[in-house]
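Below is the structure I would like to discuss, written out as structure tokens.
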Amino acid sequence: MPVELVQNNYGKSRVRLLKVARHGDRHDLQNITVNIALEGDFDDIHTKGDNTKCLPTDTMKNTVYALAAQTEEIEAIERFGQRLGNHFLSNNEQIFSVSIDVVEHQYTRMTPDGQPHPHSFTKNEGEKRVASIRMTREETSIESGIDDLIVIKTTESGFSGFIKDKYTFLPETDDRIFCTSVKARWKYADSDAATDKRWSAVRKTILDTFAEHDSLSVQHTLYAMGEAVLNVHPGVEEVSFSLPNIHCIPVDVAKFGEENRNAIFLPTDEPHGLIEGRLKRK
Amino acid sequence: MPVELVQNNYGKSRVRLLKVARHGDRHDLQNITVNIALEGDFDDIHTKGDNTKCLPTDTMKNTVYALAAQTEEIEAIERFGQRLGNHFLSNNEQIFSVSIDVVEHQYTRMTPDGQPHPHSFTKNEGEKRVASIRMTREETSIESGIDDLIVIKTTESGFSGFIKDKYTFLPETDDRIFCTSVKARWKYADSDAATDKRWSAVRKTILDTFAEHDSLSVQHTLYAMGEAVLNVHPGVEEVSFSLPNIHCIPVDVAKFGEENRNAIFLPTDEPHGLIEGRLKRK
Amino acid sequence: MPVELVQNNYGKSRVRLLKVARHGDRHDLQNITVNIALEGDFDDIHTKGDNTKCLPTDTMKNTVYALAAQTEEIEAIERFGQRLGNHFLSNNEQIFSVSIDVVEHQYTRMTPDGQPHPHSFTKNEGEKRVASIRMTREETSIESGIDDLIVIKTTESGFSGFIKDKYTFLPETDDRIFCTSVKARWKYADSDAATDKRWSAVRKTILDTFAEHDSLSVQHTLYAMGEAVLNVHPGVEEVSFSLPNIHCIPVDVAKFGEENRNAIFLPTDEPHGLIEGRLKRK
Amino acid sequence: MPVELVQNNYGKSRVRLLKVARHGDRHDLQNITVNIALEGDFDDIHTKGDNTKCLPTDTMKNTVYALAAQTEEIEAIERFGQRLGNHFLSNNEQIFSVSIDVVEHQYTRMTPDGQPHPHSFTKNEGEKRVASIRMTREETSIESGIDDLIVIKTTESGFSGFIKDKYTFLPETDDRIFCTSVKARWKYADSDAATDKRWSAVRKTILDTFAEHDSLSVQHTLYAMGEAVLNVHPGVEEVSFSLPNIHCIPVDVAKFGEENRNAIFLPTDEPHGLIEGRLKRK
């Protein structure tokens, strides 16, 4: 019975790299995890076990280290991803397209005497800076983003006026806790716009909007954050969010004989709402 | 500056359910986790904070429990997903499409005296049975699958004849360990074909092929498994795999004065190769 | 101000090893993770930065691979742990005591045609076999055990007659779901008793007791399992358990208009009860 | 065969609580996870299934919420733990001793316009503040601490002069990366000394010492940090650390034709060294 391979890709995932730039007065540090996936003329690998056109994933891993070593300075992950993509496309005509996903784990420089220390850092867990680079010989698409940035506001958030069917028991509220873990992605019109400074500025727009928005739902705030990013940053042409609603359930302490001050909550991980949306300039 | 909401969806994730069917002589047990995502006429929720058309995610959670309670028997997750999808579409005209993802955590009945025990079980961690149901008012698509099934073979696996560039140091081998964590998905031509029995049969085809295949690469085995599924199961029209190469690196014990018997390996989780492919009937 | 180092130890953790025994007709497989911790005359390492008596943890890791390579056959983890402990004590007079903790990840041989396959396996996630070996030059203590074995029974479990204070709202029940993740440890009177066969037999006693016991509390079943282990296995002199109560909360489906058949539950990971106890022969 | 219950305890784990203190001009926020374990006259629960002296773990959970609701202000976790311990001991004569472990997840107040926002925060993942309170009717012991604080220094760390045996291949170095995840615990002579301010001051001493110390081994820095804590904080009488050596392995980029600038490293999670020590005032 004839069978067809309709899609395939392969690559190396979870390639970890720590890079140190040793300047005279201070060291800079970058910790990233790289995922590489290639598409190309790979059918014979599958159907015949013919590896003639197969670049080993171990080689991809080595390429990450080699190309990182070629520059002395730390570079933006969007730049590094493009260099990797260019390398694979330039040296392997059997490859049609390259996907590079980079996650950057961030650090804070220590300040023992109130002064920035030359070479000691604490690691910021949770929030990660991310970038996805998709390249063919014809075009390059760059998406920058944030993963796992947990934010919370203790008021100016409500949820009411929703559908009530026979399975609805959720009380309406005009004052609830709003907690989410921000996953954001944005595309630049021009890939040169993907700088460290712009990343920080988009991040600030998202956080400021979350803080200041009078939220009528997670969707409402999602849209407000997306609208703000597009309004404030003309270089961004599209932005999307995936926002779990990390429910903080009010505990009815009156049941225990205590005064209810809207103060005691049970934060939960599951189940959770999940709200996703993508906005672009008209 | 005008801005457009180009895509959005929302729902409830990680809804956990344990269901017991209490027959006279034995209990049956099902443990599932359900993710629900809806698309529909939801723009006003985002842009105006108008929740008139918003079915709360808490209601979706309750719906899972209510619909599960409507049947006494345990039902296949593909059936339960369809019932959920139908419920949301039938009762909410503002909804265009429903995605239901179900993960089933499996159990093994205990056998204290060599006999099946009526109500005691051990839980099988790792491997999960999964199903994805996508429904609009026009059509239903059902994908069944397996997640996290770790398999290993200690011989009849090689990797050679690949590209050698300046970053390639991987030795060729005709006898390596092959370990992967199977993620498989398959689509049935007819959704009634998605039965418990068929799921087990497709799973067996995948495992048998892995065991018996003389592997020249992960890709080579991926294709062989896909081809076997399509050949043996005419009701399946498409099958895809995502296979991490869980590298088991030979330890050079000769360095420590010991004989190298191809016996001592370092299993690693990162970095890992990742091989993906999708096959369908021509 | 004078300061004293009152206790210290160091070693290597998460040393992973996969060992293959290649017999003519079949391969055997063992996958373990080893943690090593040493106590000894190490004060100068701390106080002076003098590493003269410091065996590098990298050397400990290599020792695991070297000693594993010395035997062709797979050996019980209790045996391998003792060989490791003996090696460190024999070759390092500055060491007073050695702790070796071994976790074994188990596999099931595949049976493609109903026959055991010579070299293909599925991995059993979840439950692990464990052993802790503590050795000084004077004595050796061996503890065998089980980690993460999740068991569940759907009836013959109740909880009632407990204290009711002003914060107690838990209903009494004589028919609840009982689910726990068994962590068990047992000590053998004689370390030679720590065989594969005995491990399986103790495990069976624990499971059989869980299945058959009419449980009035987690504590009640813990004690019954411990008593059974000591009664059935004279070579075991002490046994302990740590048992989380993985609550499965009944969902009140009557609220949704459905019949309550004690069938629909919400399984939760947090919060959970935790019950611990240790029994020995009088 | 007579059997004895030599030790037992039970309680509730992973009780999560989010508390908001709503002041006029700003909200304060506390997110904690509480584990409770009790020892007492509980043998009959085990041996007879008699729950007369059993305080349900569900009641313990409710007690956490009730006692948290009794104070309007956020209180130090050491204080809250003591209140919980006192409650259980005062109301349950069958209890001999109470262990309360509290983990605090920390937040940073947002500053949208450079000003502290009244009610919006980002969550700091990774590092946690912890406290362990052990109470009997006779005495109270309080241990404060830090978990999962990852620190790194890119120079002023070496490791040399160690034992070389036949399994030693680690090169000596006087310039390596030193990365660890700090787990620290300290005991106060007087439990009233356990304040927020003191916790931050001890934390600062640990970080400053890590940054400034010229490290000859992980042990050497562990001791320096402990000595500094005891020297700077007379209220602390004992301090201990558990420090994984998160190895950052130099990548030999010369192999790839690139200049080796001590710049490219592979950070790994396993295997890892683990160094532990406890210091007290003489």
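Going in written order, the chains are labelled A, B, C and D, and every chain counts its residues from 1.
Note that in this section a contact is a pair of C-beta atoms (placed from the backbone, for glycine too) under 8 Å apart; a residue touches a chain by one contact, two chains touch by 3 or more.
Since the structure is predicted, the reported quantities are computational estimates derived from the model, not experimental observations.
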Any idea if chain B and chain C meet via the same residues, over half in common, or different ones?
same
Chain whose Cα centroid lies at the greatest distance from that of chain D
B
Averaged over CA atoms, how far is the centre of chain B from the centre of chain C? Could you give it in whole Å?
29
So what's the Cα centroid distance for chain B and chain D, whole Å?
37
Chain centre separation (chain C, chain D; CA means) in Å:
24
For chain B, residues contacting two or more additional chains:
16, 62, 66, 167, 169, 256-257
Chain touch graph shape: choose line, ring, star, complete or other and state it.
complete
Within the complex, chain A is touched by chain C residues 166-167, 169, 255-257
If you look only at chain C, which of its residues touch chain D in the complex?
1-16, 35, 37, 42, 45-47, 49-59, 61-63, 66, 91-92, 159-163, 165, 167-170, 215-220, 222-223, 226-227, 230-231, 238, 240, 244-245, 269-282
Quick one: which bits of chain A touch chain D in the complex? Just the residue numbers, please.
16-22, 27, 29, 31, 62, 65-66, 68-70, 72, 107, 110, 112-113, 117, 119-127, 148-156, 177, 207-208, 210-212, 248, 251, 253, 256-268
